[in-house]
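Below: one structure, written as structure tokens.
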Amino acid sequence: MFTVNELMAYRLSQELRNDEMGFVGVGSSGRAFVFAVGLPMVASRLAQLTHAPHFSVQMGPLIDPILEPLPSRWFDSIAYDRDAPAFIDAVDNLDALQRGRVDISFISGAQIDAYGNVNVTRVTRPDGSHAHLVGALALPEHQAFAQRAIVLADLSKRTFVEQVDFVSGVGRRSKGKRRDELGLPGGGPVLVMTDRAVFDFSPETDRMRLLELYPGQSVDSVLAAMSFTPEIADNLTALDAPPAEVVALIRDRIDPEKVFLGVEP
Amino acid sequence: MTSEFSIGEQVTVALSRQFRDGDTCFTGLTTGPGAVLFGTCIPLAAMALAQQTHAPNLTILFAGWSVNPQLSRLTRLPDLEFANEFMSMPAEAHITGYPNSIGYKRGDVTVGFSVGAQVDRYGSLNSTLIGDIALPKVRLVGPILQPLHFTHFGREFVMMPRHDSLTFVESVDYRSGAGHQLTREERAAAGLNPDAGPALVVTPLGLFAFDGPGRSMSALSLNPGVTPDQVRENTGFEVAGLDEAPTTAEPTEEELRILRTSVDPNNVLGLRDVDISAVAPREKA
Amino acid sequence: MTVHPTRQSKLTTVTDLASRVSDGMTLAVGGFGVYGRPMAFVRELIRLERKDLTVVTTTSGQETELLVGAGLVRRLETAYAGLEKWGLARRVRAAVEAGEIEIADYDEVMSFDRFRAAQDGLTSFSANYMHGSSLPEQNPDMKPTTNPLTGAPEHAIPAASADIAIVHVPAADRFGNAAMPADQMMPQGLDLTTVRAFDRVLLTAENIVDTNALTRFPQRVQIPCFLIEAVAHAPWGAHPGAMLGSYDADGEHFDELVEAGASAETFDKYLGKYVREVSDNDAYLDLVGINTLLKIQRRSFK
Amino acid sequence: MKEKLRTIEDLASTIEDGMTIGIGGSTLRRHPMALLRELVRQGRKDLTLQAWLGGLDFDFLVGAGAVRRIECAYVGLGPLGLSPNVRRLADSGELDVRFFTESSMIARFKAAAAGHPFGITRVIAGTDYDDPELIREITDPFTGATLHAVAPAQPQVTLLHGYYSDEFGNIQRPTRYNRDDVDVLLASASDRVIVTVEQLISHDEVVRRPHSTYLPHHWVDGVALAPFGAHPGPCDALYEPDFAALDDYLAAAKDPEKFRQYLETNVLPSKNNGDYLARVTSPATLAAIRIADEV
């Protein structure tokens, strides 16, 4: 037995490599917290405890905080107060990000389009008026400058749209231009992990491409939850359940109080 | 079916079962490799194991100054009590005054550990000299804290890395710590805890208590493969209850798991590698 | 730091702490002068209407004034009973003058030595500077003796003895490990002796902190868990006195306290307002008010 | 060095309607809330707010009707989600919202701090951040590449909440603190700087650890004592968020009428920050959120 979050955390951890640095943000609450903090944190710790003991985590100003135990509560004023080898100013951290010193960033947003552009700024209502969201934080920088970015979101017609209302962070191409034409040095989004399936991007068309299906999902069930039709990989695979020892590790050791993965889709 | 385990692990687990919940246990670094294993490593591991099994309220008082240190952080066993590794290890308290900051004389310590060159039938321990008091044949380290251990600590656990007739003698040459020759009544009359004094002896051959006649040494359990005759041959006095003594209990799977993954994940205390021959009785001259 | 889940918490309420003191007991009280007195505990003892207590301190301040003024005390052993810049402890004075309480005076250093002897498990110690003073005359517990090594005249002084000791600390975890400020001062050093000197020791704490917060700075923790029977949270628990490293004395409140000490009736009104008609420490703090508490706040650099 | 210790009321009175002000802290934490409450008491309006990550500070001033325009990379309440007052007035068009990204907002403050005519950023390409007033496309004179220039952000006055200060306005931080803000850069970019602090300490204590001073006295125009001055938000190292008071705030902020009542009950009639605290919380709660100085 496993939950969707546990499967996502396991699949995400497989993308994290030894000697890389991943940036984990600060999230709000509910599913937004699971995407911004919960999944990245559990996947990072899982990677450290399995195949990538030297995977580094940057958590806001903290570089490589001791992650055992992960904090049982999570908000600004205690998140910083952990043992860690280094603590960097916000301005310096953003300079480092722009120089490509972050290997992997975790992205989530209110809208994601077929080219991996992400909107966290404002949504346009049918009548043309705007609903303002909280703003981008450094999401545009992470999509522009990190070596690669992984997008995390639940599949829904509202979220997965042909074109986002506002491009906050640039995907494989935006406004008709590819990343290299736009002068963006980072790798940009390479994978999109959802609650039903995993996507990458077609190297030819730059469009999202269905790559892996979770247990119980089909091409139809995935397409039914999207407003655009992605490409489908020739080698589309069905993912297995996460190994029992991984599930046990998450439940017993990494997140026993369900602070990080408590909110399922 | 229990996993394979070393004799060091078996003795550690057996010792851990001797602690009571709420005990405050004092040990430090001892002198010499055999003494370090018996006086330091086995007690530390046994205490930490007890904390995670039946005695969560046990307090480890390491070297008299570090309270409940997180030993699992160790990646090597330091040589000195005030090594950086110990000073930077997370602990619940670091006590800076000595000796009055711990109420040694108030009976705050309920279990002590000591190692010596000779132990006798009533548990008197000698760490001072061999031979004549006025002109000894061998001068050892001195009594250190043993006079206090054997009178003020609740129960004294004597840790003996060797078990032979040169170390287990009818009467020690010098009583650094007073055994049960000092009776309950005499202890009470002096205002001391009547129950204090030696309570347990741990050796490569087994575990011993003081339930023999006149609180003399008695066998609690013999380690696997050890016969009553082997103990008799290697002990300079009669040990009560030898023929009835059971074999030292085997560790459970759970105790082994805690010991290996939580108490000492890096095998710093060396329990997994303990070879019984390294602490076996000396050849008789 | 992994703490075993079944390890027993010693955290309780101030009421439960105070209820461990029974009538007729001897109580050693921490603090020095107007500093670090366990006032929340003292107020709770008064609400519980304990009586016939013997109070042992090195020096006495407002805690003894309240206990004596509320009629809980039969005997006092100390070197000083006063309120420093705020003058005499008027209710203590009145009680002694009326013969209502028995008082055993000691020299101040001797008073400390009695705690140190208790910490060391001694029943008595000797002093060679009492003959010629009136102290042994007034205090028959000091017994004339002769030094067996030199033959010099001395007095045997009894070690302090108490059924229960109570100390107010800046921060403690739920197991009774307690931390002192980085710039620990003399009164807090004295509290360490008190904690180590008696069989049953209770703590009230300004802050209850996570054990993991203490294991980072174990050198700040001079009170280890195994010495402590129970601990309770009592923020601003030394008010109106000062807590070094946390807040200053509340001078206006002291003025009110001293004024109330003029007579049994006025002091009774003070006790009614600030102690008997107040349910607990939280309610007491509401009465004192946030503005006053913030005005006396003096947080140390950390 | 000049003596700069003032009351919060005096400091607030130096801020005029229509000014552009910078505010320190981020999301929930360490905003100069006591000072902002005094600004609302004094009826300030038409302000332009500039910050890196706005939060409780923006929501409060916007909800109180003091703000015309905001410029920042974020405005929300962290773990508590959206900023209700900002969301409402932004959606209705009454509030002029100028969103940037984290590094492009910082580029604006950096330009102001260094006295440069504009900042340069590469992050705008391909996005919809196309504010014609504050962002313009430019060509790299060396490589010919397309870049974006951003206008400097130079507050007329910046309001910060800090930890410790002496009477001269040397502002010190504790050994362990949170760096997830740009308070120093904001101060550096600003014409004037006003700071409230949790605790006044002696100058003798300050000079013993110059490395702990993050805002030197000559940057600071006035300092005032405000214990629990970031309430109901947290001040890292000294206290956690007061979640009960934040819940009350949030419940009020979701409805303009309720928010007006909140102001009329808790903020407008309060004589000072202690008086406000007495209305919205209790000593027991302050003790519960306080972080011990010993650890």
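We call the chains A, B, C and D, going by the order they appear; numbering starts again at 1 in every chain.
One rule holds in what follows: a residue touches a chain if its C-beta (ideal position, glycine included) is under 8 Å from a C-beta of that chain, and two chains touch if they have at least 3 such contacts.
In this text the structure is predicted, and so the values were computed from the model without any measurement.
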For chain A and chain D, chains touching each: none
Steps needed, at minimum, to go from chain B to chain D via contacts: 2
From chain B, the most remote chain by mean C-alpha position: D
Pair of chains joined by the greatest number of C-beta pairs in contact: A-D
Centroid distance [mean C-alpha coordinates] between chain C and chain B, Å: 39
Chain A and chain B, separation of their C-alpha mean positions in angstrom: 54
Rounded Å distance, chain C centre to chain D centre (Cα mean): 44
Chain D: positions in contact with at least two other chains: 176, 237
Shared-contact residues (touching 2 or more other chains) in chain A: none
Chain C, residues touching no fewer than two other chains: 214, 216
Category of the chain touch graph - line, ring, star, complete, other: line
Pairs of chains satisfying the touch condition: A-D, B-C, C-D
Contact set on chain C toward chain D in their complex: 170-171, 179-182, 206-207, 209, 213-214, 216-217, 220, 233, 235-236, 245-246, 282, 285-286, 288-291, 293-295, 297-302
Of chain D, residues touching chain A in the complex: 26-29, 52-53, 72-83, 86-87, 90-91, 97, 99-104, 106, 110, 122-129, 145-147, 176-182, 185, 234-237, 239-241
Parts of chain A lying in touch with chain D, wherever the complex brings them together: 26-29, 33, 60-61, 74-78, 80-81, 87-91, 94-95, 97-98, 117, 121-122, 129-141, 144-145, 166-170, 174-175, 177, 179, 182-185
Complex contacts: residues of chain B adjacent to chain C: 24, 51-52, 56-57, 59, 61, 66-68, 70, 72, 90-97, 100-108, 152, 191, 262
Chain D residues within the chain C interface of the complex: 164, 172, 174-176, 198-199, 201, 205, 209, 212, 227-228, 237-238, 272-275, 277-278, 281-284, 286-287, 290-295
